[in-house]
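Here the structure comes first, spelled out in structure tokens, and everything after it is commentary.
In this document, chain identifiers A, B, C and D correspond to the written order of the chains, with residue numbering beginning at 1 in each.
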Amino acid sequence: MTTTHPRIAEAAAPSGRKTTYREAMREAMREALRSDERVFLMGEDVGRYGGCFGVSLGLLEEFGPERIRDAPLSESAFVGAGIGAALAGMRPIVEIMTVNFSLLALDQILNNAATLLHMSGGQLPVPIVIRMTTGAGRQLAAQHSHSLEGWYAHIPGLRVLAPATLTDARYMLAPALADPDPVLIFEHGTLYNVSGDLPAGAGPVDIDHAAVRRPGTDVTLITYGGSLPKALAAADDLASGGISAEVIDLRTLRPLDDAAVGDSVARTHRAVVVDEGWRTGSLAAEISARLTEQHFYDLDAPVERVCSAEVPIPYARGLEEAALPQVDGIVAAAHRAVGEPVLTGANGTERQPVTGRSG
Amino acid sequence: MSQMRPLNSAEALSLIKESITQIVPDADFTLVEPDDKFRDVLELDSLDFLSLVELLSERAGVLIDEEDYPDLTTLSDTTRFLVERTRRGS
Amino acid sequence: MTAFTMPSLGADMDEGLLQEWLVSPGERVHKGDVMAVVETDKAAIEVECFESGTVGRLLVEPGTRVPVGTPLALIEDQAVPDERAGVGEAMVSKAPTCATGGQEPATRHQRPAPRRKAARKPEVTPEPALAASRKEPTGEHVHAPPEPSGGADSVIGAGPLVRHLAVLRGVDLTTLHGTGPGGRITRADVEHAQPPLAPKVRASPYARRLAHDLGVDLAAVQGTGDGGAVRAADVRTAMRTLAGGKGPERTDRGPLTGDTLPDAAIRRDSRPEDRTDTMRRAIADLMSRSKREIPHYYLSTTIDLTAADDWLRRINRARTPTDRLVPAALLLKAAAVAAREVPALNGYWQNGEFVPASEINLGIAVSLRQGGLLAPVIHTADTLPPDALMTRLKELVQRARRGRLRGSEMTGATLTVTSLGDQGVEAVFGVIHPPQVALVGFGAVVERPWAAGGMLGVRPVVTATLAADHRATDGAVGARYLTAVDRLLQRPEEL
Amino acid sequence: MTTTRSPRAPRPAARPNRQAAHRLALLESMLRVRRFEERCVELYSAARIRGFMHLYIGEEAVAVGVNEALTDDDALVSTYREHGHALARGVPAEAIMAEMFGKVTGCSRGRGGSMHLFDAGRRFYGGNAIVGGGLPLAAGLALADRMTARNRVTCCFFGDGAFAEGEFHETANLAALWQLPLLLVCENNLYAMGTALARHQAQTDLALRAAAYGMVSWAVDGMDVFAVEDAARRAAEGVRAGTGPHFLEMRTYRFRAHSMYDSDRYRDKAEIEHWKERDPVEGLARRMREAKELTDRARTALEDRLAAEIDAAVEAADKAPEEPVEDLLKYVTSPVEVTRP
């Protein structure tokens, strides 16, 4: 497989056009706002400011303050209002600045959005889309950097998406809005500036299934969101050492596509889960558990996990990098899984203490 | 133990080979010279040897004591032993 | 007349303590009047009645704890006008229609409230018809003795601790004879039961599955994984070796590719004529592992066998060849009894520590004529009289050489003895069979000049050696063992 | 008791011309709630109803009076003490009883129980068991109406306890900021569970505090169904006229414990008795009797009719099937697979 950079840009179609992840998200919202008058965007600084991360820049001018609605810093109120509006037939897109702030709206997301349909015996579907930034890597320290999507993936009643590619950024929103139930979209902060060519023929994304981003035969790297570029880089590195790694982008964190993960591991017999969440009780833990439940007799090595260190994400660059899954750590985990001695030296492929197995 | 008639040398040797073959099925007697220590050549351990003593004793109808073991070292002295003992015993 | 019952005052309330009566017999009560104080887990609560009438008999004394639904008092039915409602008519006294319909109101109150305990369910089933239909089968089952359930029947006497212990130790309870009262299986029974069979090979689940599918004996595969774990690639390597290199040539990175071994090759590999090779490789793997993992130390001593020899001759003289003993029987017995004296050599090295075995099961190294080696086991060798030991030895060796050993005869050795004396060598320094921690070797019984009591004489002697795991024991322990063997062989009549 | 009558309680100049029939309807509606809940107590004591059950007895005038101001198009968001709201809204007693019996015919298919009654068809958006949790949702319903220019009112009930929750203040601000067509009805029964208002709020004049958000705000005698109805009508008119959210503090009292049973250690018996003298149901009945609008015979007939209605509800609930456990996972997500573009 040839290497293109950045890796999350899909193989460029001749007629593909240049875009960024941020622009792709914006384009998706613009399309939704144009095509469905029930759609509106609501959140902190989505209007005049243009969005904390600039995703909604220019939308206010096109759609006006009613549909590009700046909300006060009341996460619970405006997320709850989004839920109420959805109950009343609207198709709100609610933006929360970061996943850390979403905790202020957790009551509404869990006790209302995720629960109402079942608790009401099927009477009240909640077709809301809640977008938020997740993840570290930008030296924003402990209250802007966490990866809590695994928590949300714990909750029945929600669909949890993590677009990791330009195509997904561009085309996941439409199916999310078409879903009659609440959908949470986690946008990793390090992805917004990623640029590349958007394939010309791309269309709505299948939000029920994971995607194989790179085929391989020796080990499966299972990841999503902001860790996908790292996993692909690790796969390159592994390939140069003769190890063929398959990279699976989960895309949908709930419901998990067990079949895609399982099919791959049944072929490669080794799995490395890369998840920026904390190891304990993580999405990585869930995937690992499912693999042992469903594919125990396919496994030729313990499932490896490369997760964030169990600390609040620190500010200092060196510390932050040490706290996060990195390419070297993924490569080392893959080597362990494959049973090859891990080469030390220039590549620094020793197991990182922060990603090591505890105990 | 059944009392047997006296054996001649050929019969005794044949009885010995048969018995050994029973214990060591693929025993190759072409390798064993009459005066070789067959236990070493054919790799009979003490248990094998004991089995051999059992077999010979039963088939020839003679009593073989432990004191007799030194007389059962080569094919030729074993043959001699059996011939003498069957003659004497009957 | 209706019953005033212990109410359910919360979702988690199954019973309540009647603390105090606030009414007396003969007193008039109205629906909603407080009748009594009931103490729950949370608080004392005043409870009301749902009927108007006259308080009849009080059925429960204060201070009594009763289940929800238990009648506490009788309320005699009277048409008492409910003055507080401000209506003169007998509106309130009208007995409310029962929730279930069709039944008279009184029964609703007399019926105990539904309980959560399943055992009680039938008697409180609200629908009479349903209750009746359930009653019959319920009765049958309740009164019938417990159905024996196959093999588990014989272990009914085993308590939870015993069962748990059995699971932990891998003991099949159905194979045990209980020594407890009434034949119950006791904890000691389980503890004295055979320890789990062969030490489990460390292997990845996929390697295990592959080995099973390919007919490869995992124990014979050398693991290259973490801690010597067998991985799929190791199984395939083993298969290729079996195939005599006739498997598909690998041009790529060997262990890293997928399932490339065609089925045809696999089937050919598992033919019986390859058994010798398999065994050779198993021995190679086991011995390699042993030498790789176990820091051996070696001790040797020469033992005067005069006493043993004399004793044997004496014994054997009176016996037919079938019943005679060979010196090996005595040597084995001595080796086993000595292990009882020095238990630190009898057991396993597991997970970084020595686990002593509860029995002394001697593995007997038996060389096969076609090459190779087996180590069948004489269980509880220290308890067998020399005759029994001899019988067992003969059987095992015979079956080993015919390839007819039973599973149980191949497993569970806690200490292995090898004797190369018949091959004429004087001493054997063995390689320990992991996870055992020692191996005892005996050389040939030979006549040697021997000084005893200041006199030089010719005596039959044997060189006994010990190879032991230095992780588990030190030389002093080993020395004690060989000394014990020597001492025991000087008194053969006591063996 | 520290609360006094608010001097700012509305005293509308001209009351609507209430016919006797209307008064009788109010009485019937309140009595239905009262008798229904009394039956609930009985059924709970007999363990037919389980879980937490919060009774509205004493507060009936609020639900019934406010509902008079609402049309079928308006929406209603409620609390966990919502039997009265649901009944006043017109949710059938049978559906509510079946819900509390955990039956599939319940208004939430037996998945909600006493605290989670829903009726989407009647725009009854349910009992919310998180104090204050229904407020943002109500704001959203109102927002949708505003954005689509539908002249509807969303009415949200909540208790005095919700004043301690951020969600109330966030929603009050949001609603006033965006001028949402929202009617906020605070049922101030003086206790947040067992904690008296003065023990959980620094400023106990709740109407005053709501006014600080820039919305119309009145305190109302919640024990007087006419006062409630008047205030609710005027507030709803204001909301419909596009003057933004309105806030009503209904001063009321629950006669029974917080949940099904508690020991009521946190309040005086005398206080309860004092409030019972102002029983909204019997108070109305007395006034009607005095006005010769309600004969004993009529009262009896009314009681009989309600008893029969409740009997029927209980009987139907009792006979109704339970939802098969195979349907446990049904409605975790929407059952109809949408065809994604």
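Here is the rule we go by: a residue touches a chain if its C-beta (ideal position, glycine included) is under 8 Å from a C-beta of that chain, and two chains touch if they have at least 3 such contacts.
None of these values were measured; they are calculated from a predicted model.
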Computed over C-alpha atoms, the centroid farthest from that of chain C is that of chain D
Chain-centre distance (mean CA atoms) for chain A and chain C, in whole Å, is 45
So, in whole Å, the Cα centroid of chain B is separated from that of chain D by 111
Distance in whole angstrom between the CA centres of chain C and chain D is 61
Contact graph of the chains (line, ring, star, complete, other): other
In contact, pair by pair, are chains A-C, A-D, B-C, C-D
Given the complex, residues on chain A that touch chain D span 40, 66-67, 71-72, 74, 76-90, 92, 107-108, 111-112, 116-125, 156-157, 159, 174-175, 178-181, 203-204, 206-207
Listed in rising order, chain C residues that touch chain A in their complex are 204-209, 224-226, 231-233, 252-253, 255-258
Counting only contacts in the complex, chain B reaches chain C at residues 1, 24, 26, 39-40, 43-47, 50-51, 53-54, 57, 64-67
Touching chain A in the complex, chain D uses residues 75, 106-112, 116, 118-120, 125-126, 128, 130, 133, 135-145, 147-148, 154, 166-167, 170-171, 173-174, 177, 330-336, 338, 340-341
In the complex, the residues of chain C that touch chain B are 312-313, 316-317, 320-322, 324, 326-328, 369, 393-394, 397, 421-424
